[in-house]
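Chain nomenclature is as follows: A, B, C and D, assigned in order of appearance, with residue numbering initiated at 1 for each chain independently.
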Amino acid sequence: VLADRYRHTRAATLALCAPLAVEDHVVQSMPDASPAKWHLGHTTWFFETFVLSRRAGHRPFDPRLGFLFNSYYEAVGARGARDARGLCSRPTVDEVHAYRRHVDARVLESIDALDAAVLVLGLAHEEQHQELLLTDLKHALSCNPLEPVYRAGLEVAPEGDAPPLRFVERRGGLVEIGDAGAGFAFDHERPRHRTFLTPHRLATRLVTAGEYQAFLDDGGYRRPELWLSDGWAARTAAGWQAPLYWARRSDGWWTFTLGGARRLSPAEPLAHVSYYEADAYARWAGARLPTEAEWECAASDGNCGTLSQLFGVRWQWTASPYVPYPGYRAPAGALGEYNGKFMCNQMVLRGSSTATPPGHARPSYRNFFPPAARWQMTGIRLAADA
Amino acid sequence: VLADRYRHTRAATLALCAPLAVEDHVVQSMPDASPAKWHLGHTTWFFETFVLSRRAGHRPFDPRLGFLFNSYYEAVGARGARDARGLCSRPTVDEVHAYRRHVDARVLESIDALDAAVLVLGLAHEEQHQELLLTDLKHALSCNPLEPVYRAGLEVAPEGDAPPLRFVERRGGLVEIGDAGAGFAFDHERPRHRTFLTPHRLATRLVTAGEYQAFLDDGGYRRPELWLSDGWAARTAAGWQAPLYWARRSDGWWTFTLGGARRLSPAEPLAHVSYYEADAYARWAGARLPTEAEWECAASDGNCGTLSQLFGVRWQWTASPYVPYPGYRAPAGALGEYNGKFMCNQMVLRGSSTATPPGHARPSYRNFFPPAARWQMTGIRLAADA
Amino acid sequence: VLADRYRHTRAATLALCAPLAVEDHVVQSMPDASPAKWHLGHTTWFFETFVLSRRAGHRPFDPRLGFLFNSYYEAVGARGARDARGLCSRPTVDEVHAYRRHVDARVLESIDALDAAVLVLGLAHEEQHQELLLTDLKHALSCNPLEPVYRAGLEVAPEGDAPPLRFVERRGGLVEIGDAGAGFAFDHERPRHRTFLTPHRLATRLVTAGEYQAFLDDGGYRRPELWLSDGWAARTAAGWQAPLYWARRSDGWWTFTLGGARRLSPAEPLAHVSYYEADAYARWAGARLPTEAEWECAASDGNCGTLSQLFGVRWQWTASPYVPYPGYRAPAGALGEYNGKFMCNQMVLRGSSTATPPGHARPSYRNFFPPAARWQMTGIRLAADA
Amino acid sequence: VLADRYRHTRAATLALCAPLAVEDHVVQSMPDASPAKWHLGHTTWFFETFVLSRRAGHRPFDPRLGFLFNSYYEAVGARGARDARGLCSRPTVDEVHAYRRHVDARVLESIDALDAAVLVLGLAHEEQHQELLLTDLKHALSCNPLEPVYRAGLEVAPEGDAPPLRFVERRGGLVEIGDAGAGFAFDHERPRHRTFLTPHRLATRLVTAGEYQAFLDDGGYRRPELWLSDGWAARTAAGWQAPLYWARRSDGWWTFTLGGARRLSPAEPLAHVSYYEADAYARWAGARLPTEAEWECAASDGNCGTLSQLFGVRWQWTASPYVPYPGYRAPAGALGEYNGKFMCNQMVLRGSSTATPPGHARPSYRNFFPPAARWQMTGIRLAADA
């Protein structure tokens, strides 16, 4: 059954690349993003390095690929510069596919003898890169004046209006959050621990593009009093005037999607805002962002049915900086670099998005990005003090 | 009595400038720092803008000074570029002193009719700038190959050894932190609120320079596994190899102080480390940094006598990102920019330092700086899980 | 016959791309370089824009390609950012080939009716891009840790020793330089004009890698007195310690070539030095670089047979800044941007290189690059005052 | 008599500083500029280093000043970072004056035994720094929103109109330029040598501010076809929309001068343009800039009386890159760094300005600055082909 999951997850990555031209695999459009070819290689390198190479007699497919496909694991050796991934035309896409096939064969032929926990981690890791592959690709295609379509029919605008925005009351008190131990979870979801909540309110749905447009129309990007100091500086340095991918044309706002450029729909859930924009919008709206504990508590609740769009629509910025849970300890060795060392200057996001592989997320899931990041499928759920 | 406090605080600022040459008032050695002349002017501008100018009939001393001496209050009008404060040779030091005298006279002649709360805030503000004036000046003098002495006898090394490092056990449970309302406190110290602590241990004294040297000697600055990812990047970009002001000479480590350059003493409390270095040191030492709640709880405790060096020695980096307390609301108007808009990408420091004016700090006091800042009198108190 | 030349030149570009993987066409390794795909498109765009589109009834192949494939002609409309050429995965290589075929067919079907002078200019332009395609590709492949081979057998090291370095005496006096009008020449080779030379001496061959190594071994890269001020600054900022593509390995100096990485041969003509390095080497050698007039005079001389390696080996940095000849006038319109606007902060190179298409250069030919450029096939011929 | 000249020149430097506040001596407003205090010290260091220290038994005033006041002489030892001169509040102005007095006394007490040639060079050097002191100061004061006045009555606008712009015809042919040896000249004015001129025309006076305004009004700063490529890039990066110090106010164009801010006069000679702007203006005007040989030839001419404003008004950008004259050799030792190493990426200016000390310049005088420099008193004299 682990073999089936392995085959399924690895095949899903290839399926995401099916619509791509060879050329589309090569481009790195900014340091934060990676070429599709790199994602294909890096996820494979993970299995080779952390699973296969720990077995006696393992011989690497090509020892030089470690340098190219190591992302950030300092403990595993030298690695290429983060912003130079788009400079490597070789190995070719075909060669990377051969690498994948080779590693898959080695894994599958001896899967029962391999470290199952690390294999499962590798599959969760591959799912994370499936989402990154899509968002990185979206960014790369958006840089092209020809506005290429990745796959028609993706990210279509919803029909009809969004339901009215309502808030549900949530009690305060001492609660428990964090992984309860039933299935796989990342290290940073543990330990489960108590935390104290004050009474608050949570919005039943996400902020729409139309609502955000009202913020724009009200001078949202020209009023420093609505912004955090660092947010205002980021806005100014980068020249933000709207969410990423929004473009004002003569007939109104358009947006760029994996299905091509199209008109923005007021009813669609807002996407591609930074934490700074989310925070400014919430302040403008007389509200705030939820903390991660408030969000998780609500999402784990038996009767959270009143809250919609928790998963599968947009990652939701929380007001919580990404810090370790009380008692957290990073695993020993290179895998300890997975999460712990990023616990500074990043904000937690909760939920999942349309780009997240099905089954990947859960109520205790913690995503995190720097507050200026906009190229993920990030949106806003409002909260407020009771 | 408020008049006395006003006179006392304003005079203390001048006393800090007494040892300075006129030329020393002009220099800005980095964007984060300000010239002494600017501190003299800005603290005066604060009283003129937020106290005097709110009275009918007020005429500004010189309307152009608002542009020069406004620090960051976007709501009060245009302001000079943060990193261009060292370009203004005018107004001269004498002219700034005249500005101070003018504003002081106006304040004192009608002090009973002025907004006492804002006056008290202005005095707390001036005390904060007294510390900044010293730390900015220290940085400026340190850039000078002549290594000028600000005032002999400052920052002398202690005699004798530091006491052994011990940890005291602290219980967990639901506690209250935040200003309890007895005296002045900044907005961000409120509201007092409940939070949940897990059992933990706190070091009874601060880390010494000698202990930190062991970290250095053990390759602390060459081992990425000890550092946060952003910390390692900061170390690499800035070329950090030791705390700020440390210099390796043929006869060992020296440090630059307000009393001049001198040999480092192993017993002296470590100073001038960033959060990144504090965090890496703690990891190397098998410990962690305390949270601000743990720190405040201990400092407010009736029997915290077992903990030394809480105040008046070094600001102590905590593991807590600077975020609003539950229910925090920034004041309306320009004074609302005092703290709230900085609540992102900064870490809380607790305690106070040798450069802090006496009586300025308290257990609920929250200082905050970006994690890479090193020019403040920042040190380390270790903590650990129980 | 023009049609034959057209077919020949266009086919030669494709032949250069024959050894490339699709992925190799996409990479831009630095702002100065362009992807192979861009060269294929841009040379085609030149014919479409300056030849075909001037005819009545012309319909562009795809109007959006102008934006992508316009290099710097401000007068022809908007253009993509110079350093973003590697971000465009589309049009694909196949689509660019289709564009080439389309334009070639349009040109060839009506070649007698087209502007022959601009066609000939377009072919000279394409030949320039053939050389750039090779040098840009060399740079891109050199950035890849896998050290891919473009084509085995290229840039092989010579066997045997270089002949001894000799200088020939050259008379001074009033001479004429510039294009004499027999065949095609670029605008900046004209007008032919008189200039005055002082007696001087010219080296009979180029500086070898072995001779340059002696400069290195003598501390050439550590002695500021040998360098121009801007050169020393460039060396320091970029960390130059040897010519581009040189790498010191345990068994001596290696170099990267289009035929792969190989040991450096002392006898091979030095390549990939900047003007700054050429100038510093000449100073170290007690010599200087020739002026472009000295070089051209010698190259045009009936009995310059004593001078070897004038053409087809390395471009030779001259001591002459790139300025207009007396009476030079840039052509009207967008083609006037070809050369004239670059006449500042660049140095003239004379001769041609192993990467220059046969027949492209001539004695009056003026190549030019900024003094810090190193990725061209640039070498050194020494000169000296008589 | 050399003693008199020494006293006179040294006193002139002090006289320039007489209107300054102490604070004005400290500021460095950009890396290209230096604080007045630094000029006072550096010119003194020059005499100490190149004159006094070459005598047996010399003891430096303070050995640490060499580091602070060495400008760029790599051969004389370490030196402070060019852009950190404004960070040094010490030595104070008084201390620098003491240093001057000390060196002056040492020089004057033994002046007959000192190297007269280097002394004369040192005085010419001090005169150059007198002009730089003024232009650097002007830049520093211009950065201050208070717009301080250096000295009332300086740079007043002329009354009346400028005479009509005329061109005089100049013959071509073989001419001699360079220092003829009668008095002091810098190394780079030699050797006198022959060069060939084509017939040309020279404007009888400089371009006025009013004429330049017509260029502005005609879209001069928005039309790339008028600019060199590097010039257009400089304009864009720096946001140039007019010459330095011009400011558009509600009542027309103003300019900042050493005498304060005032309305621009159409009749005044244009100042504070870069080479790029001078070149673009000339192209717009259907003319070009003169070469340095054309300029010198005219200025040395017995009957150049038809040409006005050659000296004492504005430095005049020429079309000539700054390169060595044929046969030029830099002097041995550190003084060889005076000029030779800057012979790249700079343009020659001829004449002199209102800020040049009387008697400093001559027909063979070569000034040079990078083409983007604007803070000198630089203007335009037009030329044209015959």
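We take it that contacts are C-beta pairs under 8 Å (C-beta built on N, C-alpha and C of every residue); 3 or more make two chains touch, one makes a residue touch a chain.
Quick caveat: nothing in here was measured; it's all calculated off a predicted structure.
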item: Chain whose Cα centroid lies at the greatest distance from that of subunit B; value: C
item: Intercentroid distance (Cα basis), subunit C paired with subunit A, Å; value: 45
item: Subunit C and subunit D, separation of their C-alpha mean positions in angstrom; value: 36
item: Euclidean distance of C-alpha centroids - subunit B vs subunit C, Å; value: 57
item: Touch-based graph of the chains, sorted into line, ring, star, complete or other; value: ring
item: Pairs of chains in contact (touch as defined earlier), listed by label; value: A-B, A-C, B-D, C-D
item: Footprint of subunit C on subunit D - complex, ascending; value: 72, 74-75, 174, 193-196, 198, 224-225, 227-232, 275-276, 279, 319-321, 323, 326-327, 336-337, 341-345, 371, 385
item: Contact footprint of subunit B on subunit D as seen in their complex; value: 21-27, 29, 37, 64, 67-68, 80, 84, 86-93, 140-141, 143-146, 148
